[in-house]
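What follows is a pair of complexes built around subunit A, which joins subunit B in one and subunit C in the other.
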Partner chain A sequence: MAYLNFNVIGLELLFFLIGCLLFFVKDFIKKEQAAFFLSLVTLLFALIFVFFLPFGDFTQSFRLDFFSSSMKFLMIFGGILILLLSRGYFNKYLVLNYPEYFGLLFFSLLGSFVMVSAMDLLTFYIAIELMSFPVYFLIAMGYKINKKGIEGAFKYFFLGVFSSVFFILGIAILYAYTGSFFFKDLIFVLGKKGTHWEILLGALFVIAGLSIKLSFVPFHMWAPDAYEGASLPITAFMSGIIKFSVLATLVKVMLMAFFPLRIEIGKIFLPIVLLTILGGNLMAIKQQNLVRMLAYSSIAHAGYASLGFIIADFTGYTFTVFYAFTYMIMSIGAFGLVAWLESCDKRLVEIPNLGILGKKNGLVSFLILLFMFSLAGIPPTAGFVAKFYLLLGLVKAGSWLIAVLVLLFSVIGAYPYIRVVKCVYMDKALEKVELRPFKWEFWLPIGLCSVLILLMGIYPQPFASFFYKTMFLYLSFFYFGS
Partner chain B sequence: MIPFSYYVILAITLIFIGIFGMVFRRNLIVMCACIEIVINALIVLFAAISYFHRDTTGYIVVFFLIAMAAAEAAVGLTLIVLLYKKQRAIHSEEVSELKG
Partner chain C sequence: MEKLVFYYLAFAMIASGIGAVVSRNPVHTVLFVLGLVLHQALLLFTLGSEFLAAVQVIVYAGAVLVLFLFVVYLINLKKETLKRRFIKNFSPCFLIFLLFTLIVVKTLLFLPALTSHFKARLPFPKGGSPLYFMAKNLFQTYLFQFELIGVVLLVVVLGAVFLLRRLDNPSEEGK
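Right after this comes the complex of A and B.
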């Protein structure tokens, strides 16, 4: 009986305890902002605390290593940005300021932490559920300011149930044919048995389950509705952190469990990814609502990020995580700006009404320009570099036809973003709208995002090599055994 | 002794019944019940695999799945109650402000 190394799960324990505490913090402290400051201090503490946790196993199904702890670091960073945005958003919508909001956010983050360091498919499944259940309620909380909240939550819930059904079915098939669902057993058995169509079927179901969370095209219907129904910081949370954590975990699963099958799984991914990119970009074109446009763009971006699975080697997976991180930063920034616009006036969320910004607020207009250029993939922004890396990887892997297709799709996809920029800078101001001051709760996270975007766009090498190094340990693990 | 394939057929039938109900029924509570059917089918599948492979891991999964099914029912019913209180809607056509 191995003894349990509780130091390894220190971060999860911290989040669990503070998350529980947040639910009844209002019984101790009557201050309105107590929950916000408690969660902010905890996240800032956790940002440093991650560096002091020892690597190791907690039973066989949980492992803290360099990859998972660096992913956790990035997620905590994103969580801080979301928290600040929520604070700014609550200045307008005070009705949302419940301590439970922060508590649920903490539990969702806890789920994504467990997910990144899961070492078997069951823990992975439980962690996905732990990550998504709080989000259903967080979306439904948006009902206070937006009548579509509960409906969005409902759609996400039903699709989430479909996702978990597919996922468990995949686990069942894999379990029936390999006799285990620990990653280390799976990789061993798959390496020995080679490719069977049953095992591929299981992998397909697992991927189908995850692709609902990533909103790939056959299962993308929930995304715009849930994004529109939720309050905007939660939208940023869903499209940024949840997609990032699911993609990072999918990369880990591909490396740790399905590595012998990576080529075949890449072939499964190919049509899904191409359809996702095309569909997301095409449907983004006709949207008038900024949130819905960004929601469809988030579908397309999940597709771009998954191109790394088609490349199917270490550099491809590195670029996937790099793209996911870039997209996390971009989407938090973009949705943060939309949150500010909505807290000024609800009409500003419609794209044709944006004309007033260019005249009144130069800074916000410039930030919108920056984020839209980054989402469209125009240099010198991070969006360009991340896309460039992925296309380079595709060409190097010999699938230049896919690279050309993706390039064409991303040309289509540039239109909605450029249209927003055009509306901001060239259109006449249609309506009289009072703008609120751009306070620190907004400019601090959005400014951080924009600085990161420019930094990654101009000098991407350290970031890319950082992500490569996080995966390098798995490379050595694979070659030299464990 | 009942062979393994019978269990698989039972599980697949139940899964299809459940998914059919989730897709085609319009009453939200019935849809929640269909979720339960699907998850119970998966429980049967896991128990059967575990029994025929002489491996106890599947039984553990069964307990986890029972707990998850309960949690999913709780979340779904909470949302349904909320929806009924706020919008007086119980059929999925009545909840269609968003266009998907």
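Right after this comes the complex of A and C.
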């Protein structure tokens, strides 16, 4: 009984076809920017198109529902920001301007779409692969401008292979004990069986596989090298959209497959998350390179976002997704600014050389201040609100000790961001550096990010309730609908 | 008798796996892997899926390993000149290795007790052509995954061709 309802996978079909078309668009249109405009128009179209698709199943493995279509909407929004940043970045590095760049970006987005709508572990796994493989190629592309590209791609690739091994082992154990890949069967069996440590073992391996993609601390080694080697829009893509989609899917899996075991799985998450936050923050302190600093901060932020799995209730999962979205916006903005700095001068990526900005370009200095404050979690920004919600959830769930620890760690973690701000505003401008104009390809996405950050920081209620309602509608649709 | 065959196959597979890792000559390694794959095919045969056994022999032994052999011959690998042992002396890596071995051994010891919890069935129930059940699984239950794997392979091929033709070619510097 396979339901082949092709309307449901309309968005995926669109992305697949356009992604294929992008690979040979240059044979039809000789224009320089044909691939860019085609992908931009497609993404803008998809931003609206995603709301007109009917909810439903495509076979038993794929389901479009309120949760997945709103997550897809947010991912497409992030994709547009990345695309604009890439356009600006190509002004300097023309060697990267291949149509294949956009095609691979589309395939990676396609993978994350399928992942968010996956209804069984097998689809989840294959979608992760579909999401990661284009990213390996995109990182390797950074080789054209930066010899570290190949190194980063290889590290990410090998750890990605490990991630697959762990994930498949976890799926195999879960299959052996429950007899099914499908979430609906898993939750049924788990609800009947109660806690079995074999099932927890399977869940542990699944989490281990995902934590390589999320760069949790025992598996974080690839992150700084890959982030540094890739061209910077791709870095923003990796740290923003991929982490967001993996976290959103993990929340979905927790709600749909492992809901009876959520407390125990929260206990598995506890040491990993605390180590991740501490490790990421500590290692960010001594970095001189802005990209490496942001890479370590990205590790720490994945840890913050996963605090919701320790809270292990409905609000916790909601705020995990909320934090992941906030971090996606913050990291796209921050890496976008770094992309602009790097396209001005490679020396500007080193933190002590940033002094020139405070003298020459007030707007960019202010934007850096905004994003750094948001990453550090200082009040009128979204980073503060997201962290506040998660800590509130922790305290309400009774684990105030963890909340205090996280608070202490985030105080440590504030240092590297404040240091960047200090370097921008207080350091002397040591050398003559030509700044390029801050063009629309940069100010449009970065400005959107900063407006969103301020909006979410000052009036967070509609955003938070949007995520809560998404979850709630989703769950009610899952349990009572269809 | 069944158990005897199973134990023979299991030990042969483990032995050839170890041989593949330990041997210093790349050609020997490939041949060991060939032995491993053939025994695996026999194991599948005893489980009652002749089709998968045949596919295993044709695809892995027939195509993939021959490709490996070609690669080994083409790039003309010498014997490994490195004579260092795996674990030189007591190091953190060795500790981790010991820990992992301990976990594996413990799991193996508990395995007979665990298998009673197994809920998974053989994918090919008795009394029916295995080919029929496989086709049913592949084209009905897991149709979406089957198509998705096609997309993944397409992406990998596109990306690999792109990396080789565009990035490796110094004459084609962007525009």
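Points worth noting:
Assume the second predicted complex is superposed on the first by the 471 of 482 C-alpha atoms of A that agree within 3 Å, B and C clash if a C-alpha of one lies under 4 Å from a C-alpha of the other, contacts with A are read in each partner's own complex, and residues count from 1 in each chain.
Basically, a contact is a pair of C-beta atoms (placed from the backbone, for glycine too) under 8 Å apart; a residue touches a chain by one contact, two chains touch by 3 or more.
All values reported here derive from a predicted model rather than from experimental measurement.
Of the two partner chains, subunit C is the only one that A:104 touches; subunit B does not reach it. Of the two partner chains placed around the shared chain by superposition, subunit B is the only one that A:221 touches, whereas subunit C remains out of contact. Residue contacts after overlaying the shared chain place A:455 against neither subunit B nor subunit C.
In the superposition on chain A, contact of A:140 is made with both subunit B and subunit C. By the touch criterion defined above, A:122 reaches both subunit B and subunit C.
In the superposition on chain A, A:179 makes contact with both subunit B and subunit C. Within the superposed three-chain model, A:198 lies in touch with subunit C and out of touch with subunit B [touch as defined at top].
Within the superposed three-chain model, A:404 lies out of touch with both subunit B and subunit C [touch as defined at top]. In the overlay built on the shared chain, the residue A:17 is in contact with neither subunit B nor subunit C. Subunit A uses residues 122, 126, 129, 133, 136-137, 140, 143, 175-176, 179 to touch subunit B in one structure and subunit C in the other. Of all the residues in subunit C, the ones that touch subunit A in their complex are 114, 117-121, 140-145, 148-149, 151-152, 154-156, 158-160, 162-163, 166-167, 173-175. Residues of subunit A that touch subunit B in their complex: 122, 125-126, 129, 133, 136-137, 140, 143, 147-148, 150-155, 157-158, 161-162, 164-165, 168-169, 171-172, 175-176, 179-181, 221, 224-225, 228-229. In the complex of the two chains, the subunit B residues touching subunit A come out as 15, 19, 22, 28, 31, 35, 38-39, 42, 45-46, 49, 53, 55, 57-58, 60-61, 64-65, 68, 71-72, 75-76, 78-79, 82-83, 86-87, 95-100.
Contacts from subunit A toward subunit C in the complex involve residues 1-2, 16, 20, 23, 32, 58-62, 94-98, 100, 103-104, 107, 110, 114, 122-123, 126-127, 129-130, 133-134, 136-137, 140-141, 143-144, 175-179, 189, 196, 198.
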